[in-house]
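The two complexes that follow have subunit A in common; it is paired with subunit B in the first and with subunit C in the second.
The block that comes next holds the complex of A and B.
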């Protein structure tokens, strides 16, 4: 991808790098403003309200908490993207991971750190096993993983519903909810509030940051290191960029496909845990649906890079959380969905336009070099 | 639109105060009601709209101000944020529509002990300032089952639930019991639109229509849909069947769905099992206006609220359209037996 020419920094190149996200942001602000105007409200009020509410300390904590599962799930998806695959099954993998880790995790008590580790292993095992079905079908039977993972999502939904309602759930008197047994304290991940207090952050009503935040950061670093700095990562990227060339040069691309999907599923299994281990402490009917799908957008927007996905996860989290205040000024909260959608669409378009522009620029420079 | 509402409410309150039949509006207008809907929000023609109707009535009667919010992603943290925003802005009482609010309301209500909260369909929050507002859906569904059994010619009856959760299984259990008690040989085909955690079954008319069509093809001629917005699919399937010369009765749920049905659908709308969410919402607001709260003791462990059953007229069947007028004697008899405790309606299938 990168060549000697593009490594040099020139003002025009820096400008180009900023151009795409900037154009995308402006475009999405325009689109969502139109949507707000169409409902006869002032977009200025809308953005002001979102900003004011979204930047309070309590909301920022919530933004991080929302972004954490998005980020972990986006890494899961990026692993497959880098290998030229597309795991749409994160939603199902994380659901099974969360369900089984809550059910199995509540069956025993271990020392605190060990217990959390055990819960992680359970979540990764079930997420990975579920993805392994798609991996097997892909490698042995040539079934497209996009199709199989989508269908496995539906199966995971049905399976988790069956297991929860028939086998795993305890019903609390007077409640209409179904939930697994509460995880013992040793399996819960403590909130980061004590740490934040030391840093001078004040307590917020209902606030707090999930301890899983650190797990997400660590996963991001590992992802960056493994993909960019190891032989395994090179083979992963190679089989994604050009499977035939990779095979010719000695990479077992079938093996890479299998491994990439299973690793992706294992990471996906973890992405259902932040809320479960940090807040609800059990899997119940209110388990958040849709993380696995939003994460696809996060991975796309972040261009599958560890840093880019962190920014896009935080951006999605910010839009989601800050838009919660919109209803208080009678603006539909769904406005944020329009924002997310238009950001994604416009960034894809903008990056493509910039890529083409850069190509013509490069060929011109190349022509100059050749002439000289 | 909201401004118009407020204007109407204020005018109505002034007029009523002037006629001096109600409590002075000046005291009442201080009450600011917060209403948090479940997914779907106002406009679902069923569960949430029933809550909205209660609010609208209270606005008209007491001139209260109100703020309505809806969840979009449906996560616990979103629900908590929405309740917290309302509490912080001084709304009191705050009513949450749907049992998934139980966890979040517990947290927010502990932080705002001076704000009165109400939650529909849950009686598990043991706080003084949270009123659990629950319904005996099985009792109303039992009566709907009686009507269904009497109206069915084929003796084959269908039940379409929105999502297979314990709450909806209460409807199922009551309905099946009502059918069986009335006509022993009758059969009830039970189907759910989706399985949890997929709550899409409350808002998927297309899928419900396919299910209803399958039931009609099997000779089923009365279908009860307890499925929120998905019920529209059931009504549409019956209307299609009517065009093909086949009579299929439908039974609506939560609100009196005859009132919002199209002309073609009205012809087949046998009745609706009414769940008076509107009354529960209204009661919370009315007691707040009077400076009190809905606080019947539900459980010695500290659960307060109210159980809306047949005796309290919290559930029942509607007679709109007049199709079940001829069964009224039987329905009333069953209702009396339930009220007196002679019939114990099951809550689990």
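The block that comes next holds the complex of A and C.
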């Protein structure tokens, strides 16, 4: 009796799993279409243009490159979400992580892999330390981490600009761009073109895929394993699902809060690295802003799960890259922001509906068992 | 006498709870009619239907002979039906009078007619023997008096059919007597009273007629003078009733738990939440902690489990555990059944097998090193479900989908699976049905024989008296009496709890 009922894959369960993302996709396509129609253009043309441009080999590489930092940053945020916390300060943590790892990483030369590892450690240390401020305030003073990390973002922006311009930047004749000393080759991560060529992919004008892609994949696997399969992950999730029960069961809630925020900051520190280690090889004024904020949406859309966030990071990357083609047909490329927003909003609603429906379904199953 | 309200063949499908298959009740005016049944038998659903909170799938409701269809509680109130909820819905910072008129304020032009309302409330209170001062703040009232306010509130709205949902669950014996006197008054005034309970001795004392429901269907309608409590119980469960009792002494020489001068001061420095608690608990012994809720029992549990700072000392097997964390205390062999299962013992949105890990995440069988052993956990969950008769489809079922009684059985099973040397059991059978209650008592009895020491906290005085080797009475954070359960009646215990004796 119970075997038949608890079987993993029944048609209704698979249907439910697909229902939410499908409903969200349809709804967000409708909203985005309205936005395009409002600018007196055909949504069909818009989507077609995006699809055609976005699925070229060069674009797809860019999609992956855009998604890689989103994914790492989303994992950082998910670590706190799972613990019932919200690290909104990834933006500041990744900025400081990138700045210090470029500055310190350029000071010495190590064998290739070791040098990269050293740069990672620096990035994680500074990201983690910056988050530790919020963690300390939360644990010792009860300061809400959402507030403190937001404020630390502003501080990190100012601090990094100050350090770059006054202390870390090379003075270059005839250039307005401020940048740190270039990282030696041993600290750079080669792109994946050689590997892709072997798979029959042709060279593209925009360059290849960042080597950090593999780091992101590895991080995703580690995140999944630690959160779902280890004692630490269990206590982290328990703290998020029911903090009171977690405490009663022996979880030290303050310690858990502290560790979760610091680990989150450390991972966040890594999320600024794909571009600097793979392409620019130094921290400069053009450092990409907003990763930490987009990643919040990526984490939410991906339901804080390793697989879900991978899909949503790629989706966000795809929308961002492919929407550039909208300019060709005279539509504001910022339309993708509307798309991202509507996808997020509709998926949150759809998932909640499905969650309630699933609970009702289980209750009905249960009623049958009880009556039997 | 005429029929005030009648339910005919009510059916209701309701996810998670046994559907009401066929419930019929006939309540006459000027009587107290009891509705009894185990938890989950469908009592609450029937009453929610009668009060307009839910609509039946089929069946008829007749009030004063006329068929009615309630869309919401307002319709029911309109028809003269009132509900006195188990959990009071009163505004603490309002006076009794304000609470009574809240929601149906008599108007005097644009202002509230307090003078008229006050006169009416005073008159009603006298008429029904519900003595109360209308001008005190509700926060100053005790539980029994709050209930009286709830009753007056319902009467003020013109109800002549009153539903009482487990009204004695929150009362001490003396307050129960007062309540029954009030019910007597209501009956004398020609009201129809529906009294929902699973305490059968009370039912027999107060009710004229009794309807018994089991698994969503009416199984008997009897006059209370024609039946005994035992017969009613057998009708309720369909089999014999378990009794809380421990046979013989299994107390051993070794002391499992020793508390010495354990106190918890308040931040403001006024009366201590816990003051100088001292007692020894031997292996194989059950010490029952009696007390009206909120007199330090929860704090005592928190001190023993290390969830709260305290002064004084606690020894476990002769060694001080004062410096140990909650986790350390769990791992030493102290088990806990917390008082509020959903808040303190379950992750409601997680499957049972994950809940199996909670509190046990530092060792076998659920862990292999630092990694969850999912297969062993699921096997262990299944074993617990079988041994403790947890009714759910399987280990993948979400905790939230289970009924309260099944959740409780699961929690008890989870704690017992590690065979703790000491079990702190806070209301271990609260809200579970008679069958599960008997099963839990059985488990505790057997563990006691094997040498487990138990700190038992309960609001069920019969459970306390029946299961304990020794009773400690707590009042305002201190132990005020030690009683021998063999020589104590629930009434005596109740008096000691309120400090009357």
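Basically, the second predicted complex is superposed on the first by the 363 of 372 C-alpha atoms of A that agree within 3 Å, B and C clash if a C-alpha of one lies under 4 Å from a C-alpha of the other, contacts with A are read in each partner's own complex, and residues count from 1 in each chain.
We take it that contacts are C-beta pairs under 8 Å (C-beta built on N, C-alpha and C of every residue); 3 or more make two chains touch, one makes a residue touch a chain.
A quick note: this is a predicted structure, and the numbers were derived from the prediction, not measured.
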Discussion item. According to the stated criteria, A:197 is in contact with first (subunit B), second (subunit C), both, or neither; which is it?
Written reply: neither
Practice prompt. Could you look at A:164 and tell me whether it touches subunit B, subunit C, both or neither (first, second, both, neither)?
Written response: first
Worksheet item: Looking at the overlay, does A:360 come into contact with subunit B only (first), subunit C only (second), both, or neither?
Response: second
Worksheet item: Is A:48 touching the first partner subunit B, the second partner subunit C, both, or neither of them?
Response: neither
Practice prompt. Kindly classify A:62 by the partners it touches after superposition: subunit B alone (first), subunit C alone (second), both, or neither?
Written response: first
Discussion item. On the A-aligned overlay, A:230 touches which partner chain: subunit B = first, subunit C = second, or both, or neither?
Written reply: second
Worksheet, complete the sentence: Note: in the complex, subunit C contacts subunit A through residues 14-19, 215, 305, 307, 325-331, 336, 338, 343-350, 354, 357-362, 367, 370-372, 374, 391-398, 400-403
Practice prompt. Would you pull the subunit B residues touching subunit A in the complex into a rising list?
Written response: 2, 67-70, 72-78, 80-82, 84-85, 89, 99-100, 102-103, 107-108, 111, 121-124, 132, 134, 164-167, 195-199, 298-299, 303
Practice prompt. Write out the stretch or stretches of subunit A touching subunit C in their complex.
Written response: 2-3, 5-6, 8, 228-232, 234-235, 237-238, 241-242, 244-252, 359-360, 362-367, 369-371
Discussion item. Which stretch or stretches of subunit A touch subunit B in the complex?
Written reply: 53, 62, 65-66, 95, 157-158, 160-162, 164-165, 171-178, 205-206, 275, 279-280, 284-290, 320-321, 324-325, 327-328, 330, 333-334, 336-337
